[in-house]
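Shared between the two complexes below is chain A, which pairs with chain B and chain C, respectively.
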Partner chain A sequence: MKVFLSIALYRFKSFYRDTFTFFFTLVLPIIFAVIFGFIFGRPEGMGQSTIKVGILKDNEDLIKVVERIEGLNISILSHFDELKSLVLKGSLDGGILFDGKTFNLIINFSSFQQKPFLRTLGDTIANAYSLKEAGVEEGFIRVEEEFIDPGKARVSNLGYMLPGVMSFSIASSIFSMIALFGYYRKRKILKRFAVSPINPFSFVLGMIMGNFLITLLSSLFVLFAVQIIFNIKFYINWEYLLLSISSSILGMMALGIFLTALFKEPQTANNVGNLLLNIMIFFSGIYFPLSFLPNYLRTFGQILPLYYVAKALRISVGVEEGTPNFIFSMSIIMVSVFIILVSIFGRDILQVEEK
Partner chain B sequence: MIVLKNSIYFFKSAIREREFIFWFIAFPIILMVMLITIFSSMTRVERINFNIYLVKNESGEFSNMISEVFKRISEGEDKIFNLKLMENISLKEKFFDDLKKGKTNLILEIPEGFDTGILSHITFKMLGMESNPPPIKIYTLKYNVSSESASMIVKNIFDRMNLEFVKKMRKVNEYQVKTEIVGSKAGFSYVDFIYPGIVIVSIFFTGLMGIGEELSWYKEGKILKRFQLTPISNLQFFLAYFLARFYFFIIQILAITFVGKVIYKSTINPLSYYFVLYILLTIFSLSSLGFFVSSVSKNTNSASVIAQIIQFPLQFLGGIYFPVFDVPWIIRWIVIINPITYLAAGIRDTLGIMPSPYPLYLTILVPLLYTGVFLSIALRKYKVVEFS
Partner chain C sequence: MNNYKFIVEVEDLRKTYGNVKAVDGVNFKIKKGSIFTLLGPNGAGKTTTLEIIEGLRIPDGGNIKIFGKEVKRIGKEEKELIGVSLQETQLISHLTVKETLSMFRSFYKKGLKVDDILEFINLKDKAKSPVDKLSGGQKQRLAIGLALVNDPELLFLDEPTTGLDPQARRSIWDLLLQLKKQGKTIVLTTHYMEEAEFLADWVCIMDYGKIIREGTPEDLIKSIGGESVIEVDVEENHSFLDRLKELGVNYTYNPKHGRLLAKTDNVLETIDSILKTARECSLKVRNEIIRQPNLEDVFLTLTGRQLREE
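What follows is the complex of A and B.
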């Protein structure tokens, strides 16, 4: 027991000296949060997004029509060049021009990437204009929109995205297990324990415990850091959060152990792990909602473990509604997979080393 | 001759490493495929479908007509919605729960009395009396982009329905609508946008890791010092090493171009004068960054950490994946000092994909300046530390 604790403590202390792990677990998630947060995040308190549209001032009828459309923030400009320049710079999402026959909508590329449905705006404006001309501005059907609060915390889409950044820290556990079971095996470090009084099993468990604590604390640090940087207050359910993070770390460790068992060469396991992480980050709905993807990609996203990790984290910090059952089920699956894989492959690796 | 011979040796030694091939050829292609798969879907509205619940408390003519319209556009391959018809209004709270849990993106409710409301409204209007049209309720999730987008589409459908109703009663002028994504040459093509970006990013990876980290490893293993005992001069060594990477860059560009042009039908001409010019500029400036990183790193591990710290901000704040013209000042300074910003903007502008926010001369001068600064620091460092 003493050996196990000493090794766990050693691993914990050596974390800050291990620049690569330190970078991946602590620095990289914060860099990502800052980059994506400032580019794509809508600051707290801004509520629903408005679309910034420019119109030329000589189109008075059009201005009146557009003013009645909800969610639009109108800028009236004197010249087309000025309007186009503001759209190009991204100061306006788009500009609408009308020559009496055709409505021309120009959309900023960046706005279009973030709000692809902006292209329907031209039809909305043209329909509203036709209705006004026909003298039935309000139409026959009125749409009344009611916004439902997403969860306990009233956070922006930035707050929705940030818990996903924690999954970076958690996912670094994949690589800590590849290092432990792959590189340590390759360099015959585990074998050396055969001639020492330390049981290799205690060594492995101690290292797992050390890495577990490092990742847990790093994830919490990242969570606090992003709250401070972006001035967001999450409504954290600590029981759920600790359970979600802990089980996710074990689940990701299981993935690392599985890759080490699958690929004899640790560098290959590392490359495959990196590739898997990249795929999971893109397809797990961390940075953009899965509903923007076609059905087949949505289904693919839902079979990736990071999808469940990110969802559990969002539920735990109160930005997404969810039942405790989801967190419990995910935790049970992650921990079970970890136990099964450690018992199968961990024993295998140690036996090979002992031989 | 000795330079050429050594360059072939360095080149062969690099391509023998599976890891090198994976990270510098296979990975950029995988990244390109992933980005195109995701973002092309996101920008092609017809391929995305949102989940919506239609709660119907009425069975009159108008309610049925609305319900039929939504059913029709929720069928077939190009359906816009995955529609679920709900008739039990007592489950409204459960529907809201589903909305919060993301099971549906929007709830559309045809309220009780809707049909009577429409009929009264039409009658009042025909009699020239003031009347408010009856409401259709939509419930969306606050701060949720999918919900917001679904709401935009549903509102658009009702605008169209309103117009169709009015057309049955009186003459209505209909207008053509043209939409243009500003900057793109012929409509919007994500493939055209991302293809030069991926070429830049693959050169960037090779520069930072394939040159920066590998030369640090040479330094750490005292391999560079051993070259002092051979007939090859320092200059010849670096020329041969760069030339070996240059062969590799050509293979990278060819592989990415094959995927971009043959599989994804990019309209960019990779043989165009501007494309070739900017790619050469990219190769020189990002290779010099690699030489610079190797010269200031004490060992492979520190080169690797420096490379990772530089890699992410420069990659994501260089406008490779998304435009970064209008970002807050807290990160804008990185965009401004980033050589990739100018390379990506210049290449896209000259190819007509997107206008550069900077004057074109800057898109050439800034990378050239970086090349000069990085190379002079690297050469000085190597001269003083390694070859003294």
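What follows is the complex of A and C.
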């Protein structure tokens, strides 16, 4: 136990002093969040959206709902023809029609190229509208019978994406394990530990604990930072959030251990990890809402673990609908894979003989 | 079980990598409280031998007895009692000297106070420096400090002075002598013959995985005969060298450095022969040195090569 704690402590220290890690787990996610802020608009009071939509004036209910969607500039028109011509001319980016049953979105495709936001607009409105139909006046998303803090929450692409930037912090676990199982061996750091009487599991688990804590704290820090920067308040379910982050960290560590075992050369494992991470981030709804993607690509995203991480995070902070079961299942899978891999590869970590 | 004269005994130790016999049937016994030295050139098998005993590598064959106990590979119990400084010590970056010592100290049941170690290795003023910022000599002193955290009876130091300047080397020698005074047994590897000569109670000369000669430095030097060695720089010239042989001069010639070494009991006569012969062959002789024979000469005599091929 003493050894475990001591290793965890010193790993923690060496980790937070490492500028690269610091950048990757704390600064980079926040930079991304700020970039998203520029691309996807932001809550009121922080600049104007340039997306203009038209709505016919007899859709009063719809107008009320859409008004609450941040980042939209609404023009109310009396005739469909008028709406259509304005969209075609490009004075409006799109128009929303509602006949009481179905939504119709007319979009100017040149605007569509520039403003991917429009693409999700349909979903967003449908979401908001269906809640209104259900009698929820102010809120727009339900999380397990609990409603998000009314008034503060907004139907927002930005709000949907921001929790995802925590995934950057969490994904750093992949590389911390490549460092531990790969570079530490290669650079003969492990050798020095191997001549001491420590138990390999105390060593591995201590190292992992150190990494785990720093990653957990970084993710939470990132979450608080984006809330402050964008003046957003998420409705956070702490149990879900901590469970999601913790199990995701372990899951990403498992991926790192797996990559190190697969590619004997740590540099290769690192490169593959980077590539994989970029692919995963692209398809997990962190850079842009998943509804931008065609269906088959969305399905592809669902085979990648980061999709589930990002989704669990969004559910936990109340920007996506989801069930506790989703979070529990994901946690169980991630933690199990982690335990299996650590027990396989942890035992031999201090067997440093080079072949 | 605690009653043993030799703290380490190895018998017929073997380790092969591909077709390289890194350790090829090594035997030795290490007396408690002594400084035991493996002296040999690069690739002789010193590190491999040490790391087998330290439990880092598994031998292909042979027996190891440590602290009077026969072991296949040392375990936790023995690791508590030994201190190791590897040939190349790599540490976790971003930790300070003191933190690194404290961390390793926490791995052992008993040991020294970290501040005392810092004092001993003379790194007190560097206690808060990150380990990556130390100079070569400071890093080696830290490596020795790490080997001392558990106040071990037996120390394995793999080339603790390689690459250091004479002053830094000297300061490490001082540390080792102090440790010996404290009654510790030190197993040292080196390819500096001065180091072995200065520190060692017992020297094993190692080459190509074998111990080719062992003894106290004095005995080893005596064993090659000759009271003095004459060294001169002279161009390679076969008739010159042939004639020296005819005159009965006992020499070796290193064509790479253009240096001739002659062992002799009669300095004046030998120097006369060399100079006269050189003149006859119209060769210039420079940088003449007359000195006592040393371990380098022992190695040269045994192998025809020099310990360090610079």
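In the analysis below, the second predicted complex is superposed on the first by the 234 of 355 C-alpha atoms of A that agree within 3 Å, B and C clash if a C-alpha of one lies under 4 Å from a C-alpha of the other, contacts with A are read in each partner's own complex, and residues count from 1 in each chain.
Throughout what follows, a contact is a pair of C-beta atoms (placed from the backbone, for glycine too) under 8 Å apart; a residue touches a chain by one contact, two chains touch by 3 or more.
This structure is a prediction, so every number in the text was calculated from the model and none was measured.
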{"item": "First, second, both or neither for A:Lys188, with chain B first and chain C second", "value": "second"}
{"item": "Partner chain in contact with A:Ile198 - chain B first, chain C second, else both or neither", "value": "second"}
{"item": "Chain B versus chain C as contact partner of A:Lys13, first or second or both or neither", "value": "second"}
{"item": "First, second, both or neither for A:Gly322, with chain B first and chain C second", "value": "first"}
{"item": "Contacts of A:Ile279 with chain B and chain C, given as first, second, both or neither", "value": "first"}
{"item": "First (chain B), second (chain C), both or neither touched by A:Leu105", "value": "first"}
{"item": "Contacts of A:Leu262 with chain B and chain C, given as first, second, both or neither", "value": "neither"}
{"item": "Comparing the two partners chain B and chain C, which touches a greater set of residues in chain A", "value": "B"}
{"item": "First (chain B), second (chain C), both or neither touched by A:Ile344", "value": "neither"}
{"item": "Contacting residues of chain A [partner chain C, same complex]", "value": "2-3, 6-7, 10-11, 13-15, 17-18, 187-189, 191-192, 194-198, 352-353"}
{"item": "Footprint of chain B on chain A - complex, ascending", "value": "19-20, 23-24, 27-28, 31-32, 34-36, 38-39, 42, 47-49, 84, 87-91, 98, 101-110, 112-113, 115-117, 119-120, 122-131, 133-134, 136, 138-151, 154-157, 159-160, 267-268, 271, 275, 278-279, 282-283, 288-289, 291-295, 297, 320-322"}
{"item": "Chain C residues touching chain A - in the complex, by the definition given at the top", "value": "54-58, 76-77, 79-80, 82, 84, 86, 88-95, 99-100, 102-104, 106-108, 130, 146"}
{"item": "Residue numbers on chain B that touch chain A, as the complex places them", "value": "18-19, 22-23, 27, 30-31, 34-35, 37-39, 41-43, 45, 47-51, 66, 82, 96-97, 99-102, 105, 118, 121-122, 125, 132-146, 148-149, 151-156, 158-163, 165-166, 170-184, 188, 193, 301-302, 304-305, 308-309, 312-313, 316-317, 322-328, 330-331, 354-355, 357"}
